[in-house]
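Can you read through this structure? Questions will come right after.
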Amino acid sequence: MGDKPKLAIYWASSCGGCEIAILAIHEKILDVADYFDFIFCPCILDFKRSDIEALEDGEIAVTLFNGAIRTDENLEMAELLRRKSQVLVAFGSCATEGCAPGLANFNDREQMMNFIYKDAPTVVNPEGIIPLEAIQVAEGELELPGFWNTVKTLDQVVPVEYYLPGCPPEAKWIEALVEAVMAGELPPPGTVVGMDVTVCDECPREREEKKISHFYRPYEIIPDPDKCLLDQGLFCAGIATRAGCGALCPSVNMGCRGCYGPNEGVIDGGAKLISALASVLDANSPEEIDKILDTLPDPAGYFYRFGLAHSMLHRTRLEMENGQKMAAQIKETPRLDPKLKD
Amino acid sequence: MSEEEKIGVYICHCGHNIAGTVDVEGVAEWAKSLPNVTVSKDYKFMCSSLGQELIEEDIAEQGLSRVVVAACSPHMHEPTFRGACSRAGLNPYLFEMANIREHASWVHQDDGEAATEKAKSIVSGAVSRARELEPLEPFRAPIDETTLVVGGGIAGINTALEIANAGYKVILVEREPSIGGHMAQFDKTFPTLDCSACILTPKMFDVGNHPNIELMTYSEVEQVDGYVGNFTVRIRKKARMIDVDLCTGCGDCWERCPAKVVDTVYEAGLGYRTAVYRPFPQAVPKYPVIDTESCIYFKNGRCRACEKFCPTDAIKFDQEDEIIVTSVGNIVLATGYDLFDSRRLPQYGYGRLANVFTSLEFERMTNASGPTDGKVLLRDGVTEPKSVAILHCIGSRDKNTNDYCSAICCMAALKFAHLVKEKTDAEVYNFYIDMRTAPKDYETFYNRLMQEGTHFIRGRAAEVTDAARKPEEVGKLIVQAEDTLIGKQRRIPVDMVILMAGMQPRHDSQEVSHRFGIGCSDAGFFNESHPKLDPIATMNAGIFIAGVCQGPKDIPASVSQGAAAASRVLSLIGKGEVEIEPVRAHIDEDRCSGCRICNNLCPYNAIDFLEDLAVSRVNPALCKGCGTCVAACPSQVIDGQHYTFNSIMSQIEGLLWDVRPNGEEKVTFQKTEPV
Amino acid sequence: MENSRTYTYYPGCSLQATAHAYDESMQAVNKQLGLTFNEIDDWNCCGATEYFSVDALPAYSLVARNLSLAVQSNGSQDLVAPCSACFLNLRKTNDYMSKYKDLNSQVNQALAAGGLSYEAGALNVRHLLDVVIEDVGLEQIKTKVTKPLSGIKVAPYYGCLIVRPETGYNTEYPTHLDELMVTLGADVVDFPMKTHCCGGHMTQISEETAYELIRRLLQNASDYGADAIVTLCPMCQLNLDAYQNEVNRMFGTNFHIPVLFFTQLMGIAFGLSENALGLGSEIIPAGPALAKIGTVDEQKTRERPKRRDKKALPMPSMDSGGNE
Amino acid sequence: MVDYKQYHPAWGDRSPVIIGFLCNWCSYRAADLAGTSRFGYPATLRDIRIMCTGRLDPTFVIKALREGADGVLVMGCHPGQCHYEEGNFKAMRRVALLRRTLSQLGVHPDRVQLGWASAAQGIIFTETVKEMTEKIAKLGPLKWHDNNHDASPHLPPLPEKEATHG
């Protein structure tokens, strides 16, 4: 047992879905167990952090790290596992691009704490208690890991060898990665495990020349099952999303949400969605354009649903703009006032 | 690879133009610190032969792989320095120009420090961009020797004759049944008072009989595809309802035709024509057309008088439009102008007050073959006016209509004043804002008119009214104007008013400019490539403009421009092939996912969707390099040559050299292979 | 009403005094057209025609106060004024405050003293005639006509104020009132002096000047055979009506041309009672002119359609786009 | 040098930085004409020549804002007069959607503006730059990198008074 390469799986700020996705490689898991010494996975194994600290640097062959980085603990674990691992894989959307936790970057810490612990309609908290990083109680001082204002991705805090996107990643790509490691045929560092085309490549729907005159919400129309959803006015991020999932969402009549992130070569997937979708609007005056864009509420939410933390702007602005807290202002007026003309 | 580039930076003083404001030595010294810069110099005049040699020497001796010249606008000297690079063996597309004159020294003359800082940013941006440039080769294509000339007015006629006389084929397309244009409507031309028909008719005849000219009248160009040297045009030949092979132009048909209508085109609304008609006796070609809208047979199925009387059975009521698709190498647009519609200024009474005429109506009136046989008469067709007012600038130099000067009206007004004097005893009053008589011999004509006793009143007329205030005004048209030379309001009662209506772009000039892929000014005149140095070419290579479609001008100017357009065409034909700028889009088909976002965006239909491969492809011959598809491609697999994603991203970084966050990692992408 | 429209309303002082007939007829017509006007609370003088020349800033501020109050009333963004002078002043102030930053800030400073402010361009200032023609529309108006005005010849008189600043109508020779009158069935005569000066307040300063201006207008209307002049401005109506006899005395003329508001003629065409339209309060009685409504113009029927004189040159067509 | 502190104290000694994207045929030539005519304007604009505003990739705008620009000005030919017929309409649509998106991220929409100037309108070009500079000056510096540095893990603890346990 001792001679086998060591494998670690860690979850930072994540939902646990990535661990389940690993099980979806079915019987291949047995080969993995044969080949690797499975030393760390807080979700299923009772190994402690001290066990990892006790290892030599670089003693772990591969660490599959899922989850975003948003607390001091996440960072410590990322740095620790980086030090101890030869290969660190950003596993799943949270670790590669921020994913749902990254949406917290539309707010700041204070707003989030207030909403989650005080203002959410489902919360009863008349004393207004919110968690603190340190508190003195009768038994002594209690500490919680520091909670960040901004969610980061794994590669924004430590160097990463490979990326395996998806929320969660598809089994075939997990297999491909594991097999590559087992076969000792590692791709060059920086590689994203997946395809470099977009979801459209895998999507069987029939596409036509694009022209959008209205965006529909999914509940507003019953889409033709054979035609491109975007052609029918349904938002679909497939045009700017890395293929690899087999066009899962479009095949069940839902527009792609973009969990695989932008494809190879694209720096900011949201910007590309803006460019592509705006280009094909069927409007030639500011008024007509506004009319169509009014049918697409929350554009930033659509375009940066998975990638906000890894996008170029990374988060909403924290600083004051004209003496007002911008984030708060945005919350009240989610859309640009259509009267503001160029 | 960009890490190994050797960049040479040259800062031009441009005499005092740049160096007077920007610290050019300082910028050159500072530029040495930029990454990859191996040479950085300043020089008095980079565009001089010595300046260019400096670059050539450094390329040879220092092995420069990129060159940046910080000087004037690339629209001025980019070709110059590309040439220098080329001579030294460096691909000309590895040259980048930094515009520190028009965009820095000249606009920040009051603040040398700010201008110098800005110049640094511009240079830094250019260096960063240069690092990412890639060598390109221009496309070469052979030139089709046939030329299309659109418009058979004097400009188009002259263009066609110049090219045809040089031995090359011309297709001349004219919308009306005859060539001749506005000039054919005039009687005399200023300032020489030459008979317009006498000088135009021979040229029209030459066009009609030239072995190298294929004349298509009553025809319009419907579609244009392709690029310089290789255009494909689709021409609609409207049905004349006349078999021109049989017709002899004898005139039996129009003499017998019972349908009379007001001729709003050739006679400018002042005379009549029949439903089957030849616009005027000297028309080329001589064949008539049937105007199906006013023809009694086409309206209610009876008549056919023309058919009965035609000696050669040339009338063909069932003739249909003909579509001709042909290829041409160059196109000259000489589509002319529309007259400003004077009814848009109701205060001058045109259409309300019988004896208010437009300038074109008056042209027809004074024409010996016109509706009054050349007599100057009031609308009743009998009375000779005793006094005539000529109002300048109707629909010109007026922000409510057209703010530009129509250039010819002052001279035409002088000509009219002379003709009125010549033909009647009337007093003539010219109401003008400024007299504009610049070209050769025009001022002499103005002086002559002053001696002839024409009254000149400096002031734009406010209104023309029949509301009399005094007994002597009763029954007259009263022109009210402020005489700005004496500072008084004046009311001049006259019998006849002539409105010098301005020149307007053709009503469909926007549409036509789109069809031919050229630009249009705010007003609707076609945009030239350069207002000073290239007023003949357009932004679309191989398409030239001549005559008033480019801007108001008189006959000699139109003739000159037509000849100039012909010489441009001939020099291209003589060269035999064209070089096309390699600024083009290219789709990486291996990575294209076929989402079809780009398909509809190309104004030139250069993007085809290949159904079998489910990918899109750019036809490089049709692509003009605008980059719209490049920016729109959601998966960034379309590359815009010379304006690549990396080159622009890099230029942004360079421009922001002083405000970029320190130590922040550069955002780049590496192409990596999937597992 | 099938198409009820609501507007913010600035009446101006005339409509409560000399032009009460305009007010009454407007109310009556509005009911027919489904127009609801909500008057601004506590409005003040518009500055009339002189104040702007006396002291510009207080004049603009005076008007801007009305604009500010109009915004506060929280109604329609369309502010309607039936009086041309009010319309011009309100519109000009709105327009200039948008165009000229300095004026905007100075006026707002002045307003701030009264705890008010106005965001330039927040309102769209419109004349009653524009609302009637653009919003209700000639087609809709046509359906309301029960008593066409055939037989009466009217000269449409716009005055100088209504077409400024640029309103989209032809400034020099507007025709929208002409079109309205044609819709009502009236015989509209060409009236070349339709935008010339009515004399304004000159009647109080120099009778000689004012009466000459009024005379020209009456002469021109009479030359064109008008039975009545129709107008849309209280000042124009007052000058032409109230001073007509003075003009006759001064120049020895004998004009008897009634001057009516367009709303009065609309009311008549809609079949409303003369009382409801304020008729009878005019100085030159409209009775004889109005009596022509419904009669047939004898001269017109007697005239056979003229054959075209063989020698005469054709007149330009007035259909749009006919010339080229 | 202009003192921009009068518009917003945060400028300190620096001036606003605006990245311009000018189309080759109209607005770049308008800028050239402004130069030839010596029409002065604030030295805040650093421009990039692209063939057509249709080449404007929103990535460039975001990149400029992220890398320290305080605003981005996109200028093309007037609508209907694009050298490539309709590239400027694409820019108009992209900028509209981009502004909406950026405003959700706390970037004031005035920081990204679209303008038109024909090759003959040097004066319109300079007026546009002046107006934009004034707007940006009033908004203050964007300094986007400060925003990202804020993601530093070592934050001060939340204020004690917010709540007490148990």
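In order of appearance the chains are A, B, C and D, and numbering begins at 1 in each one.
Here is the rule we use: a contact is a pair of C-beta atoms (placed from the backbone, for glycine too) under 8 Å apart; a residue touches a chain by one contact, two chains touch by 3 or more.
Just so it is clear, the model here is predicted, and its values are computed rather than measured.
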Contact distance in steps, from chain B to chain D: 1
Between A-D and A-B, more contacting C-beta pairs sit at A-D
Can you compute the centre-to-centre distance for chain A and chain D, using the mean CA position of each chain? Integer Å is fine. 29
Calculate how many whole Å lie between the centre of chain A and the centre of chain B, each centre taken as the average of the chain's C-alpha atoms. 54
Need the CA-centroid distance for the pair chain C / chain D, whole Å please. 47
Here the gap between chain A and chain C, centre to centre from mean Cα coordinates and rounded to Å, is 66
Identify all positions of chain A at which a residue touches two or more other chains, and write them in rising order. 267, 272, 275, 279, 312
Listing for chain B: what residues touch at least two other chains? 601, 628, 631-632, 667
Touching at least 2 other chains, the residues of chain C are none
Let me know each pair of chains that touch one another. A-B, A-D, B-C, B-D
Across the complex, what residues on chain D touch chain B? 1-2, 14-15, 17, 19, 25, 28-29, 31-32, 34-36, 38-41, 43, 46-52, 54-57, 59-60, 63-64, 67-69, 77-78, 80-87, 90, 94, 118-120, 126, 145, 148-149
Listed in rising order, chain D residues that touch chain A in their complex are 57-59, 61-63, 65-66, 79, 86, 89-90, 92-110, 113-115, 138-140, 143-144, 146-148, 150-151, 153-155, 157-158, 160, 162-166
Complex interface listing, chain B residues touching chain D: 73-75, 99, 101-104, 106-111, 113-115, 117-118, 121-122, 125, 510, 514, 517, 519-522, 527, 531, 539, 583, 601, 603, 624-628, 630-632, 640, 643, 645, 648-649, 651-653, 655-656, 659-661, 664, 667
Any idea which chain B residues touch chain A in the complex? 591-597, 599-601, 609, 614, 628, 631-637, 667, 669-675
Quick check: in the complex, which residue numbers of chain A touch chain B? 173, 176-177, 180, 187-188, 190-201, 207-211, 228, 230, 238-240, 243, 263-267, 272-273, 275-276, 279-280, 312
